[in-house]
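Scrolling down, you'll hit the structures one after another.
One chain, chain A, links the two complexes that follow: it is found with chain B in the first and with chain C in the second.
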Partner chain A sequence: MTTLSAGAVRRAARLPRSWLFGGVVAVWVLLWIPLHGQDTLALSTSELTSLHERLNDLRDAINNTRGSSPVFSAFFDVIREAVDALTVFLQSLISQPAYGRPVPLIGWLGVVVVATLAAYAAGNLRVAVLTAAGFTSFGLLGYWQQSMDTLALTVAAVLICLVIGIPLGIWAGLSDRLHRVLTPVLDFMQTMPTFVYLAPLTLFFLIGPASGVIATLIYAMPPVIRITAHGIRTVAFSSVEAGTSLGATKWQLLRTVRVPLAKRTIVLGVNQTVMCALSMVTIAALIDAPGLGQVVLRALQTLDVGTAFRAGLAIVIMAIVLDRVTTAARDRVEARYRLGPKARGRRRIVLAGLGVAAAVALYLSYTYVWAAFFPGPAGTGVVGGQVAAGVTDASDWVQLHLGAVTDAIRNAISYGLLNPLQALIAQSPWYLVSAVVLALAWIVAGPRIVPTVAVCLGLLVATGLWQEAMVTLAATLVATVIVMALGIAVGVWMGRSDRADALIRPTLDAAQVMPAFVYLVPFLGLFGASRFTAIVAAVVFAAPVAIKLVADGVRGVPATVVEAATSSGSSAWQVVTKVQLPLARQSVTLAANQGLIYVLSMVVVGGLVGAGALGYLVVAGFSQSDLYGKGLAAGVAVVLLGVLLDRTTQAAARRMDAGTRRGRDQ
Partner chain B sequence: MPEPLISAERVPAATVQDGPPALAVSKLWKVFGPRADKIVGTPLAELPRPELLERTGCVAAVRDISFTVAPTEVFVVMGLSGSGKSTLVRCLTRLVEPTSGDVLIEGEDLRAADQRRLRELRRHRFAMVFQHFGLLPHRRVLDNVAYGLEIRGVAKAERLRRAGEVLDLVGLSGYADHFPDQLSGGMQQRVGLGRALAVDPRILFFDEPFSALDPLIRRDMQNEVLRLHHEVGKTMVFITHDLHEALRLGDRILIMRDGAAVQIGRPDEVVGAPADDYVRDFVADVPKSHVLTIRWVMRPVRADDPLDGPELGADVVVRDAVRAVLSSAAPVKVVHDGELVGMVDDEAILRVIVAEEP
Partner chain C sequence: MNKTGKLIAVVTVGTLALTACGSKIESSGSSGEPSKAACGTVNIAVNPWVGYQADAAVIAYLATKELGCTVTKKNLTEEVSWQGFGTGAVDVVLENWGHPDLKKTYIEQQKVAVEYGLTGNKGIIGWYVPPWLAQEYPDITDWNNLNKYADRFKTSESGGKGQLLLGDPSFVTNDEALVKNLKLDFKVVYAGSEAALIQAFRTAEQQKQWMIGYFYEPQWFLSEVKLVHVNLPPYTAGCDADPAKVACDYAPFDLDKIVSKKFADSGSPAAALIKNFQWTNEHQNAVALDIAVNKLSDDDAAKKWVEANSDVWKAWIKS
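After this line comes the complex of A and B, so read on.
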């Protein structure tokens, strides 16, 4: 760095950052007026760059060598076949005809009773009843087999995740070195939008259930590793030291102190992994994984809101059941060793009774048709048809009668926010946008971020999808602004009022367990297929995370500080703006970071309902052979956008934190 | 009547030295930081703490400490927070690895022990009681007490039987099936104490065991330790930041400051003859008459002293001597080993009690 520019930076640093930020944006707008429309690197949908063609060729080359290359026969095929064996086994147990029978080994009755037994064993009576009701509703909605396919894939993925993830997490909890190596890998796995690694995976693992499970593994494994490691790391040091002082070996410490004390946290990790797995299994429908996701996907593509809602409802019910059962299992870790002998005896009796019932149900469902096939009309189920018809009617009614209202909302956001921003970002010359992004990143996150941002921008240009990426960026920014507005408003309210917290938090928790896919359905019903639907779905998808982070941050502000501010006569508004938000600003920045990542992944999923840009290309890449390479490049572009936004906001958060600390030292 | 600071019941430490001391520490150093092993023995080691940190990035938590502890002695290490006392006690069990120096446990070089031998020693020779208890919240009180035996591989029936006995000993009969978080702080520390006693160690280390407890409970627990010491006669090394606790419990006291030893001595020596201003400040508020023996207030025998007064031993605490001295017309004769070593008159006693000076 030359002394000149270093001096300029030092002078510039004296100006408040918000002024600099505003200045850069003002210059941008002024330059946009003469320059817009030039060098926007636009590319029509069917046009391919040489990179896209090369990617197509690469796919063909890989497909041609599949049969002969040892890399496949010795590595990828081994993995795929192992995963496939497990998946097929689970499917033949509960969902697919197998072993020469026209039905799976275990019919619906057996599955319902065994699931109830498992829920009781892991949790309590309440979740057992919930499980029985939930599982029965799959059949009533007419999606028994699809639900069981989804369940089988989820269980397969979760089993593999836990077998690998828990030992790895424990190891990472014990070894600092492994933890340091693993953390960035897990970060990357988690920031990558779910949608994006499906296409590259199919190159190596083909399409179908096995590759669906493998994609799910990648997405669902990080939480259990991370949370297990965290649990092991945060075991009270005094307990570990006490064990050591009595002469415990490392293994004894692990067995008697670390794992038992971390168990509750580990089960929380299992819960997270189960929810991630379910979410990804439904999305894996794009690479031909069977189950409810397929139904939703097909319905979305044909704009059949009723069917999408019916299958979406089954997914939501499954999500709620799995979440409640694993949460109850976590609470039971505490409760179990506190049970008195009497309660323990009672529990044993119920378990034994359920066990006998399960054995009988298994036998019946293996032998009799009525217990194997879920009764009811084929295709629609007992209530499925009515549900779908009702939702379709409601959607039509809304679009007919409330069209004015939904259009008004849509137009207000489209014309007021989205269109101007999109025009500014996507219609500026690429070099202008790049310069502005670099300058803004420097201002908010410091000079260290500049190389990363520059590399991301360069690679974005190289993907040949610059303009699509900019359109996606505009949509992401609009959605994130709305998410943050919601996050701060509702988060502060929840942080200050216990009642609001008690009222809203369960809703947010429930919203967070829903698979990303499902969010599209109701908004498709309200707003039809458009980029706006994707934005609203993204806002609803990302808002719970942001709200909870802000609320926790505001709650984390020490009560004494708030008390001191109140006692010196601050108004509620002053307490919020001068005490609570500034002290919670790390949480707020983290909320912005998470909001961006969530929004980005959802904006891409929105490609399914007409959001256009990168999302559309990713989806098109799955279905149209010619566009495979372009879809892959679009996926890469999404990852680049994600890395750019994630790194910049994280660096900004760190810098803000460091700035506060430096200020305090002086 | 307030309780005496020094319990009359205390078992005197074995004065006859047959065999090695229970614990012998010499020239013990613990330096934290980069290249910590390069500091000891160089001029750097002489630097005061802030300067050492500035120059090397290292902190000398324990500096050149030497002492011995006799079997059945209660040895107290006292210092303010940051004085290195907790690090010192961890070096004695190698929970923290010392940087240099020697630690001999009953003559055996602790630093030479390999991991296996170290575990053996921890399982059989010594046990520790911690400030924050370090109990296992998922186990019953009984299983917590039996934990050390479980680690050692004792069969279940035997270890539970032994744990039951220990629970009676520490006054927790009837709480066997409770969980730690159902007990008060004092009772939790009784569990910690029971866990340490269950393995029947020869040395007990206490790391500020009562500083998390409120004052009344603390007093109870100190009495408990004195009682246990009376009953089981273990060697104890007791870490505290509370001078009163040190004076009540200790046969001898080591006062630490910035990692180094300032003074080692009996309670009356620490109070009667502080080694420097730091210790003097420390003991300024101690009621002298509760700690000092009459040896500290007697005057030499003069030729004209009447010798018809009562006799008292030189180790009688001033407060216990008040009545005898004040009620006698003649000065009291101070006798040690059958010899007259000095005289105590009313004035000397009153000076200590009223004016708080020896």
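After this line comes the complex of A and C, so read on.
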């Protein structure tokens, strides 16, 4: 009886929630009319607040003491030397001339065969073939050495991530306290724009491979820690209890129950860390990290879309190979126990054969020129030249012929949606926006979120960049709306059709790992230097995640439910809107959350193509010493926006989820 | 023998047969020429624009081929390059655009870097319009007429005013102050990168769009689209002293070279080469064009220029 009435009250309360939401917005607009333009906390681009100046001074102080302070030699230099040693060793194996030889120890043939062997050992025959084809394509594109440099750096960064991240993740899985301390640190590492710490890194770790690797691992380490902790936490309580009742010690429990059962999840963490590491290739190149990123940056200077794409394609191929291999490795963790003795025997024979082939290939590529240097014309490779020329032509054609259409699209979105929204958010007094944000957060996510939101808003004011943050927020919201529209439309399509899924998924993978720097130039040609170009770039990067999550959610709706709806005469549209989407609601909210965060991670890239605001300030801070402190503050503001939006959407999703579960229980 | 076994056998035999032909890798060993030891390693920072790349290409080519030095090029932004003077990672910055703040920190305060003479290149900064616009509206190159056309320069980004587009944030600009002090009905919009700025000018010329923006010479793009300089009130010494009150055109830059103190004192023949290095905008443009448009590698572009201009560079290495 009591639960029933509580449910009724809640249902009654849910209806007005959207009313309340609308009401708050209406009041906001009404108040905006007399108040707009007041207390917007605007700051011109070259102006600094005392906080920004203090941050500059701090940077100078560190810069000046670098030579004399023993902290540097004792601490940072030791780390740098160790990381350098590891990276240089990997490079001398596969990419750079070493030990008095004009070539690395292992030539292309050796690398291809060993990589294939590794892929087979970790995964299966399919990914082994994919690996062989993928690695060969690096050479065909004409970027063998650059690809190997990128691979060496990525492997170095990932190895360090795993050595530190997996133990830390396991610990965080066992200790609530560590988990609580670690979470904000990881948030910071993932959302702080890399540009902010790129220049200081070279101060601490000098210009060289170490800085590139460390920049990469700061961004790439959080996923493996988070996902490992999650894996350990979600090991079924009954399994742990069974272990305890058998008298296992804590350590035995960890070794024989928790870690083996969480293994599949941990490998997923490894996979995500690899992907994140690869996404840093271009940015690390800004501080001279060798490899494909260098090619992309250099091509950007001459607006050479074809060459940038060629290098970007090599990065995409590397990412897809590494993704598929680690995913296959994850599935093997389970499949291994199910293999019959016959299959296991066959596997062993193939492994032995590949092992012999690898030994031969290693010898050949160590000894003979043809197996060391990838054959084909220097510079362009066998197919690289054609690929670049084709892409350049296509990009030129599109820019020349679609210019009028794309201008119209940009103007429609900018004048119709972005400008009004930006006027409302960035031209309102800061206290009004703060009050509205607090009220809206309370309405969608409940009262417990209010303190977090209030702290974030307060700190945003303290950065001195309130108005810039609001301009960025407006563009972020518009981009997220587009991301979700695409996410639902394409995601539902993919979720309902296997053919569509198979067709679209590789494109999504490519869009996620293709460095933004590659497609910025054609986008600039189409949409000009504008906030809309930044939004498009963010959508390209963020939509794949949202689409995949929605598709998985729709796919997860039990087939029986869909069948029942269809047989009772529902149209396809009704099945989607009344059955599949509502039941996949949790995935849709997760998609919205991830879409937002991914859009925010493109703020800095947006700054490079005309979005201005926080993104521009971060870039400016990286390239002008006077603006360093302001750029750092802008980076912090991006983090604050990220935390605010992430916590609110997560709490809203949890609340919604709890609501539906309770509703179902009755 | 099963299928896989057979395959392996075939592959093995095949590869063994291949070893019979093909040349072996020779160790390069440590028998380098003695001059290499005398010159040692030179770390050249390469800042991210093509003109600089051209400087670095030629210097690296001469230092390697003529002096037997080992040259390491490091692709860095300006700020990070200067930091490298302090940490010892960078010996040379070949084309410096002003940067009084960095000079203060690293030359005056930390004393890790020294000025090493002019490159001979003249840097011109200013406001530019695409050539079609200057042709059809010749009076647009006078700043007094800009307000007349302000409406035509409107975009979705400029909030109802004309748009003045800026590029890479690493350049010091006075444009916000200029717009204010010259009472122009324009808004400064930050494109955020050189690529965005160049692409904007390229599109504007192709599609006859209205556009005005910040640009500079020497720049390879000017050989593709000959942008036209807009005349602001002429620069006079000291007219830019107070950044908030600037109402005149940018000062012409004499681009200069900076090297680390350590490198300057090393007595390396490469240091003498860099000290003597001086050429014209035409020289740089020729090499930059080969790199940017003709897609030559740095080394090939440098080789081409060096072979055609021996009278110029011979003077740099006669010490």
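The definition used in the following text is that the second predicted complex is superposed on the first by the 424 of 666 C-alpha atoms of A that agree within 3 Å, B and C clash if a C-alpha of one lies under 4 Å from a C-alpha of the other, contacts with A are read in each partner's own complex, and residues count from 1 in each chain.
Everything that follows uses one rule, which is that a residue touches a chain if its C-beta (ideal position, glycine included) is under 8 Å from a C-beta of that chain, and two chains touch if they have at least 3 such contacts.
Predicted model only: the values in this text are computed from it and were never measured.
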In the superposed arrangement, does A:R330 touch chain B (first), chain C (second), both or neither? neither
For A:H52, select first, second, both or neither according to whether it touches chain B, chain C, the two together, or no partner. neither
Let me test your reading of the model: by the given contact rule, A:R310 touches which partner, first (chain B), second (chain C), both or neither? neither
Does the superposition put A:L246 against chain B (first), chain C (second), both, or neither? first
Hey, is it chain B or chain C that touches more of chain A? C
First (chain B), second (chain C), both or neither touched by A:H230: neither
Which of chain B and chain C A:F532 touches, first, second, both or neither: second
Does chain B (first) or chain C (second) touch A:S623, or do both, or does neither? second
Could you pull out which residues of chain A sit against chain B in one structure and against chain C in the other? none
In the complex, chain C residues that touch chain A: 2, 4-5, 7-8, 11-12, 15-16, 18-19, 22-30, 48-50, 53, 74-80, 83-84, 86-90, 101-102, 105, 109-110, 155-157, 165, 168-170, 172, 176, 188-200, 202-203, 206-207, 220, 243, 291-293, 295, 297
The chain A residues in contact with chain C across the complex are 44-46, 60, 63-64, 66-67, 97, 100-103, 198-199, 202-203, 206-208, 285-288, 294, 297-298, 300-304, 346, 349-350, 353-354, 356-357, 360-361, 364, 366-372, 379, 399-400, 403, 410-411, 414-415, 418-419, 520-521, 524-525, 528-532, 607-612, 615-616, 619-620, 622-627
Complex contacts: residues of chain A adjacent to chain B: 236, 238-249, 252, 256-257, 260-261, 263, 337-338
Can you list the residues on chain B that touch chain A in the complex? 93, 95, 118-124, 127-128, 130-139, 147-148, 150-152, 179, 192, 195, 199, 205
